[in-house]
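Down below are the structures I want you to see.
What follows is chain A paired twice: with chain B in the first complex and chain C in the second.
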Partner chain A sequence: MTEGAHPTWRLPPAPALLVALLLIACAEISGASMVRFKLELARWARGTMLARPEVHGLVGVRDVDEQIMDEALTRFDGGLRLFHMHAEGMGTIIILTTMVAATWAPTPGWRRALVALLTAGGAGYPVGYLVWAALIPFRGVEDGKRLAEWLVWIPFGGATIVAMWLLVGVLVMRLRSNG
Partner chain B sequence: MRRPPLVVVLIAVIVMALGETAGAVMSQMRPQTERYTRARIAANPVVHGLTGSAEYDDEVRARAVFAVEAGLSFFHTHAEGLAPVMLVAATLVASIVASRRIRAALYAVMMLGVLFPLGYLAYAAAVLELGRDEGVAFAERWVLTPLGTLAIVGILGLLVALATRRALVT
Partner chain C sequence: MTADTEPLRTSNRPPTALTVLAALATIITAYAAPVFAHHVGAYTPRDNEISANFKQLKFSLEARKFDVARRLYDEGALRKELRARAGGLPPGLDDGVRAALQRGDAPDAERGLMVFVVALARDLALEADRQLSAAPADARAAIGRKFLEAIWRYYNLVDFAVTQRNARAATTVRLAFDEAEGYVKAATPAPERLREPLRRIVHALTGVIEASSQSARRDS
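What follows is the complex of A and B.
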């Protein structure tokens, strides 16, 4: 049987697969760690926040401070959960989209660029949630979010979105040239 | 593994790209989205049941804004989840279904089924234009249920093809 009769997928480069699998493994481990070390993580975040009362606007009144810390801890937990979910999803998406890019990119240059953008963007973006969660106890919810946005979400998420639409463009061109 | 036709892959990748973009829009343009939602509610006071009582109307607006944001959020998660699943399923169809006709039918069903997440965009838009309850009912009846059914039929068809192949081999 010829390749033309039954066209097959081309595998993505090994580093892209490795990064994607590592990301999925990190997601699994983080999911397990969130359950196993829930108390320890909350205790650490709480202690770090209490050591920085001015950052979190703690006033020394128990009722007020508890409410502020509860909200920050909910966001801290949310950041970890979002890392878990996005890393699981993006790992799979890296594997599939780099496979599409490896199969249909018009030139080796395009293939390398698309695979690099999809891999780096897809692997970097979920890490932003981990960065955000880690920054919350030190910098507060909003400042942590701003930093994570500029350091991770915008560059890596932007790279992924650009790469995905470039991939759509490549597939449309292929479809037109085939038709 | 054999690959499905290019058009099937293209549609799955478009849905994934839309899902990614929706995620960015949700986080970066949340205030603009909320402003637009409130403006559309104000432009359709009757369908949203606004009464002129500030307290009641605020509650109605808050519920509609929540429903619109939920629609966008569901679109993001379903697009990122269902499109990869359908791409893998279509690859399995290409690899194991021998009959050309059955393959074509399964591709067609899957290609439409992968559009299911767009139903949540319709859900968000319908809430704005028809009111919360009417909008949700409209999107569920005319978009989410038909497209979701096609996605399920595609997966079940693959399952039947797999079982038949296994039975034939044994």
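What follows is the complex of A and C.
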């Protein structure tokens, strides 16, 4: 069944809006926490890394180890910052794209699928940066990144990309049927 | 209420499908690239206290601001480290640098600072050689790579000064360094061969330290 084109915008479902707003709220809280607990976070990460010298390849020579620690701490901080930025951005993207899906999807089934993919993918992807940051002190920069990729970035980022292209396909079909 | 059953809840007219399509294309372009690349930022190695202090001293000497250089030397991390390592350095190095700064002798002060930084690089090469002999085979490439980065961070500070005074030693160090890097950064690393170029680095840098110390004694 194909529904006709809507003369007005349709709002996304309330759960999608809730997820998007929660994501933006988490982004703001994480930004504030990064400032408020900067020292505590760095101290915790440093202590956790020093307790696992073999994971981080520490060799017991200050001139070598300080660079390893500095890179890991910079990446740890970067992971938190990237979560903050991506969560803000993806929250907005969820609202925008689910509204497009709610308005233009040809059938209720399409609409549900698109909204679900856009919401889950958009909300999950930024969490990958948080996971990566949390894993760095325990698993190291590269191993943490590998885990975050397979656990979060690839599945959720992939869901978002698929949903975006499906949405593009839906709109192309709409254009063709209108033309 | 879900999107399936909801009535029309907004009043603004939506844009055409073409406009929305263009907007989506922009969003995909902006967000798909980070998703594929898993953008995680870039890391640029920073100076440590010693290398930062060395650069400050060098710039002060170049500007012939000897009072500034003397203060930076007296209060800086470089002198603290130099004194802590005095046992492994040419005798009188600290006094020599300070005296050169006092009398406004930039080349002599620079030579003293160069000797210290070269000694730091040499000690790292010695330690790398020692650790590589004791490390398990699968950890050697990573250990070697980290030591080489640390050695280069110091040597790079004085490469020009070493080249001016002992071009052969500088060439030996650079060639040995390139060879060592090749062993740890190759697709199939060969860290077991790393110790030979490291020893050449140690030998060449020891020569630079000894030659500079002798010339300092002759000049005094």
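Criterion: the second predicted complex is superposed on the first by the 173 of 179 C-alpha atoms of A that agree within 3 Å, B and C clash if a C-alpha of one lies under 4 Å from a C-alpha of the other, contacts with A are read in each partner's own complex, and residues count from 1 in each chain.
In this section, a residue touches a chain if its C-beta (ideal position, glycine included) is under 8 Å from a C-beta of that chain, and two chains touch if they have at least 3 such contacts.
Every value quoted in this text rests on a predicted model; they were computed, and no experiment measured them.
Asker: Consider chain A as the common anchor and indicate whether chain B and chain C clash or fit when overlaid.
Answerer: The answer is clash.
Asker: Look at A:W9 in the shared chain and tell me whether it touches chain B only, chain C only, both, or neither; answer first, second, both or neither.
Answerer: Touch partners of A:W9: chain B and chain C.
Asker: Who does A:L175 touch here: chain B (first), chain C (second), both, or neither?
Answerer: The answer is both, since A:L175 touches chain B and chain C.
Asker: A:L50 in the overlay: touching chain B, chain C, both, or neither? Say first, second, both or neither.
Answerer: A:L50 sits against neither chain B nor chain C.
Asker: Which holds for A:Q67: it touches chain B only (first), chain C only (second), both, or neither?
Answerer: Only chain C is touched by A:Q67; chain B is not.
Asker: Look at A:I161 in the shared chain and tell me whether it touches chain B only, chain C only, both, or neither; answer first, second, both or neither.
Answerer: Both partners, chain B and chain C.
Asker: Report for A:W104: first if it touches chain B alone, second if chain C alone, otherwise both or neither.
Answerer: So A:W104 meets both chain B and chain C here.
Asker: Give one of first, second, both or neither to describe whether A:L82 is in contact with chain B, with chain C, with both, or with none.
Answerer: In the superposition, A:L82 touches chain C alone.
Asker: Quick one: chain B or chain C, who's touching more of chain A?
Answerer: Ranking chain B and chain C by residues of chain A touched puts C first.
Asker: So chain A touches chain B in one structure and chain C in the other; where do those two contact lists coincide?
Answerer: Residues 6-9, 89, 93, 96-97, 100, 103-104, 153, 157-158, 160-161, 164-165, 167-168, 171-172, 174-175, 178 of chain A touch both chain B and chain C.
Asker: Could you pull out which chain A residues touch chain C in their complex?
Answerer: Residues 5-14, 57, 59, 61, 63-64, 66-68, 70-71, 74-75, 78-79, 81-82, 86, 89-90, 93, 96-98, 100-105, 108, 111-112, 115, 125, 128, 132, 145, 148-149, 153, 157-158, 160-161, 164-165, 167-168, 171-172, 174-175, 178.
Asker: Give the list of chain A residues in touch with chain B in this complex.
Answerer: That would be residues 6-9, 89, 92-93, 96-97, 100, 103-104, 153, 157-158, 160-161, 164-165, 167-168, 171-172, 174-175, 178 of chain A.
Asker: Sort out for me which residues of chain C touch chain A in the complex.
Answerer: Spelled out, the residues of chain C in touch with chain A are 1-4, 6, 8-14, 17-18, 20-21, 23-25, 27-28, 31-32, 34-36, 38-41, 43, 45-46, 48, 120, 124, 127, 131, 139, 142-143, 146-147, 149-150, 153-154.
Asker: Would you tell me which residues of chain B are touching chain A in their complex?
Answerer: Spelled out, the residues of chain B in touch with chain A are 1-3, 6-7, 9-10, 13-14, 16-17, 20-21, 23-24, 27, 80-81, 84, 87-88, 91.
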